[in-house]
């Protein structure tokens, strides 16, 4: 670890850098705003990614992890590819998502629930399951939108685009062993 | 040319049209696709939001399952493509992390040597490996007169370098040109379709979808041609909801580029999954291409 | 002669003595290093008393070598070499070793520092025993100078030297001198008309008795070295006889072939197939553009030849090569604009009303294609709103990481011109406004007063994809207003991209011809960024203007004058001394394997076909030692850095690595 | 010549192949001149001679000792010391004595590894050894203890063992050069002590091929291409050591279209033959891309020690491969 | 092999224009780094002869750092590329000789990169410390058996001579 980052030991900045491959570029942020300017969800964000970086620098950990920025991110990678300082902003957003979920700091968003439902299906079957996702997540979280979804779902179904049963991979135990090992290692 | 084939979960059902057309077109172009046996889900963006190591381990299982004699893997789905490519790159660039991923794989008796497999998108394979001459040679029903708006979305062109401009990609433009179509040069061709936001925040997602449909319509496109099941689902599946939400009257069919290739190559539309789209493409195709489709 | 070495360890106050036991180092060196007859420590070796001490010892003890353990040789090597020289010891028998920057300042453990200091002193002592007296070479300086590039920096340098009475050859690749400055409208911050201040200088150069102007010409080859360069210049065929042409311009007027002028008018206007780039061109002799001339492309026309009153048009003219002898060379090759098409999200080349800064200069120039009217591409509509985008290709690791230095001020100038000439609103999108020179910040204040809008945020994209009704038919500039933390979309009619400055495409190639190198970005490398900003690593080659790095007109002029002053100084002295740190080949034992032949970027190694041996041209050698390290037969020697000296240094520096060494280690 | 009293000459072999002994005979009938000028007091290969006879000699009694072979065993080291003491002039004769030569390549192994190879894995001389019989330094017999010399891990050159007066390079030295050296000794026209008797140019000087500026994109091994007979072999990508190898052989190998392998060793003042070659070759690799450079080197020079130090490993800066410390 | 107390000796060959000045800058900026690297100044990294590196290792250094201007920024235009080529060649040979190639490092440091240079030194010292001492001279001794074997010969000969006489 470079000495100038080592000096920031114990700060939130260091934590984010450590948790993000390529994260050390964070210290080069010019606060130019090309990330915030490029973001398709920029208008809906409480804090733009640029602001989040400033907040990370200011060690404002609580506010960052409670921000809605991460949940508005659509992973379009415009911020990353346009950043004049080569900062992997999308990946930093992923890091913040993980921290926020792990510590349950998120507010007013169902994204973590969706992620959870989704990954549970992967863990259980090895494949994602759209119908299950729709019923499992939407029924629980947003029954009204589920109703609006109805006609669309039906159309999807009649066109053979939605299955009622999940596909399970053959060697699911193998996948689960891999996942369990990953969870065990990352818990450390 | 032989490639390992990773269809991804969407192509099993929701984007079956994509899967069918990929296979049909590949057959015709001499692209040998060997489906990875017992592949698993790439985790989409969701797994990365939860646990990076687990996400990469889940993805790396697929890389590890690629047969040793094959060193290229093709994914038609943008998210699958990015996840596979990103995992490989992370493992190459950060050997320590790569070791951890392999520790996880070892728990399932697998091993993946970072960098062994090159991850490719279907579009890149057709444009870069097959090339203009071979594609043009196969065209029997030129798409002349059809105004198509190539839509690239995000995750194939960014952030992994696939030899196209991440801001203003051109590969699909070229490909559709080879098919004789009139290609619409419109500014949002690599903007976001809303991704998983349709599941989380509809108003936000609908606005993103509207921008794309609006722009394509402003440029008088007959249809939008996409290369990702998520983009297709959002633009096609949600089109009527978007119309309801904004009071608009978009009626733009959203087709996969492989379906258009198939049409131009004279493959039976049925085999290409035509009819699975919610905004039906047949009327405009018939109007523009005439009896060719019959 | 037995070695008599003097060791001098400096305390540098407490700078060195704080973390090195300097007394111990001096004592130890006196006791353990063979051949050491004096070993002293002193508060400030570089003081006059310290120097006197060395001089006295040289005289009294008959020292054959001096080792000074003090600060960096880059600081005081000259000081101590001079002291030795004064006392009659050849300055190359003095070796400095760096106990301050390399030991005491980077270390806080005294024992470790002392041990390392001993190693460095030991190494220097072992080395100095093997050093040889060296004498610099002297060469006469040819008073003529070559200036490459006729932009403002080159013009200034040319005039300074010519006015001082020295002959100057000015080479310019375009048909006229003047450079980029001739294209500009106004100059910041005073808003003088660029042409008004430039053209008098141009004509002065054109008429100066000491200046030989070689326009439409390129530097082909450079050989020789400081004081006596031989250069070859290729004069491209103009197809107009310079001696006969009076510059009346009737050929241009009558030429039927109109072409888009991508050079001077930045694609905004037209010129003829026979043309002079602009009305005030110097010289006023036109050139024929053979790619577009109807005679050259289709074998018809000859109008220019028919109308010429002096019969100056000569379709058979050929390129010719001119050979010149000069003592010095000034490189003032300038810059080119960043290609804004490389950033597709800014829309240049795709969206009609997106302009580059150079296009806009021509647009608002009274002599430009619209006679100075600021209108959109349709040629008539005045914009109601204009966005100016800063840092296009600059301060961006994806393109050029450096700041282009002039764009902020040029953007302010553009803002002023738009506000002055139209009723448009002007929005400037910036990351930082940089106005560090005289009257620049005041100019910024002036624009704030004039109502220019400043939005702090790098532009994300310029698009015609409307989202709201008011955006239809407009260019929308999308950026984060970082002071608000909000994304903003500003619909405008016209966008000006402040493209950054880039080195000329062939800068590197041209630099190689005269033995100067480029930075990563491609700017010519000066000898020292602060203390020697106009000289280069190649003696007799100087740099001026933007080719050395982005700068504005005042700085380019100052550097042109500075380069000229350096050259004038050399000419006035008449003689140049050449560093004796050079390579030499033992021809007796050279077998002509030719490994070294291609290794020297300064072409200082020549191969004698007859004797089948290689030879170093001493005057061209810069002493890097690469050939010395490469010679498989070991017959190339690098003066002052020969194998024996460096081996001895390695032996010395590892004094404590060999447990059997007969050196006092226990005392550490 | 014949008026002078006869001198005393010794010719000894240590770790070498015996080629040097034969090369001495290659001076043909001139050997008779040698016999006329000298009494040959020791030449184990050709005459009967006993160590104890040498031991009995007075120090400096032998006028010239031509010593071939490197020092691999304690016995050889003893003999080197003994002959040094008894000789006025000690000449390192041939590549082995000068720089270790092929036997020196064993420095890529340790004694243990060498013995394992020879006694366990089998060799031409000992195809089978089921009892794993190994030479023992001392064997007790009823008559007393029998000693075998110790076999060293590292072969040393002669001058790493004792002081050497002159060097005669070559594997083996050329007859012509041997004769020149003998004449110089006979006429007492020897160069300064410590010199190599021979030329100080390289093989290129004697090589008839045409040479140009060098840029190498790929190194070839000898079986991979049929080289052009006119141009420099190195320029064709063959790893020719001629550029760094002392002249004197008449460029024998390049003359028959085979690259020089460096048996004459380095020129005066060169501290490491292999490093010179490495430096020169690397300098002219035609690439500025580290990955490509690495590829060119790794593909073209799979055995760098064998190529750069075939004859000089024992005399190189590092002398041997790093020994793995056990335990 | 890791040894926290082991204090490696590393010889640095630094070019006069960039790296030596970077080391000067690190000093002026009072950046602290381990005092294990001892710097020898050469005019250019292109002057660094592989012999220097081999000699330093043979003479007892545990590691070597070669430092020069960044590629493209060489004061002698492109001589640092020759250093790069030789470095690759040298590493290839060192590996074959059983020397861990991590002990020898080529570093690019511009005159402005005092901090980066200090970090590179830190890293190299750390890596060499992990690898442990090189102690090349130990490679040459014969595990203490040599002198005894020589003495044995002398003794044996004396005894044998007695019998014979």
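Each chain carries a letter (A, B, C, D and E) given by its place in the written order, and its residues are counted from 1.
Quick note on the criterion: a contact is a pair of C-beta atoms (placed from the backbone, for glycine too) under 8 Å apart; a residue touches a chain by one contact, two chains touch by 3 or more.
Since the structure is predicted, the reported quantities are computational estimates derived from the model, not experimental observations.
Q: Sort the chain pairs by how many C-beta pairs are in contact and tell me the top one.
A: Comparing chain pairs, contacts are most numerous for A-B.
Q: Most remote chain relative to subunit A, going by C-alpha centroids?
A: Relative to subunit A, the chain whose C-alpha centre sits farthest away is D.
Q: Measuring between Cα centroids, what's the chain most distant from subunit E?
A: Result for the farthest chain: B.
Q: State, to the nearest whole Å, the distance from the C-alpha centre of subunit A to the C-alpha centre of subunit D.
A: 68
Q: Averaged over CA atoms, how far is the centre of subunit A from the centre of subunit C? Could you give it in whole Å?
A: 47
Q: Roughly how far is subunit A from subunit B, centre to centre by C-alpha average, rounded to an integer in Å?
A: That pair's centroid distance is 21 Å.
Q: Taking each chain's centre as the mean of its CA atoms, how far is subunit C from subunit D in angstrom?
A: 53
Q: Among the residues of subunit B, which are close enough to touch at least two other chains?
A: 167
Q: What parts of subunit C, by residue number, touch at least two of the other chains?
A: Where subunit C meets two or more other chains at a single residue, that happens at 345, 599, 626, 629-630, 643, 647.
Q: Can you list the subunit E residues in contact with two or more other chains?
A: In subunit E, 31, 49, 51, 55, 78, 82, 86, 118 touch at least two other chains.
Q: Would you tell me which residues of subunit C are touching subunit B in their complex?
A: Counting only subunit C, the residues touching subunit B are 343-345, 347, 350, 463-467.
Q: Looking at the complex, which residues from subunit D come into contact with subunit C?
A: 200-205, 211-215, 232, 234, 242-244, 247, 266-271, 276-277, 279-280, 283-284
Q: In the complex formed with subunit E, which residues of subunit D make contact?
A: 51-52, 55, 74-75, 77-78, 81, 137-138, 147, 149-150, 152-154, 271-272, 274-276, 278-279, 281-283, 285, 287-288, 290, 293-294, 297-298, 301, 303-305, 308, 316-324
Q: Flag every residue of subunit B that touches subunit A in the complex, lowest number first.
A: 9-10, 12-16, 38-41, 43-54, 56-58, 61, 90, 93-94, 97, 100, 103-110, 154-155, 158-159, 166-167, 191-192, 194-197, 199-202, 204, 208, 237-238, 240-241, 275-278
Q: Spell out the part of subunit E that touches subunit C in their complex, as residue ranges.
A: For this pair, the touching residues of subunit E are 7, 9, 11, 20-21, 23-28, 30-35, 38-44, 46-49, 51-52, 55-56, 59-61, 70, 72-79, 82, 86, 111, 118, 137.
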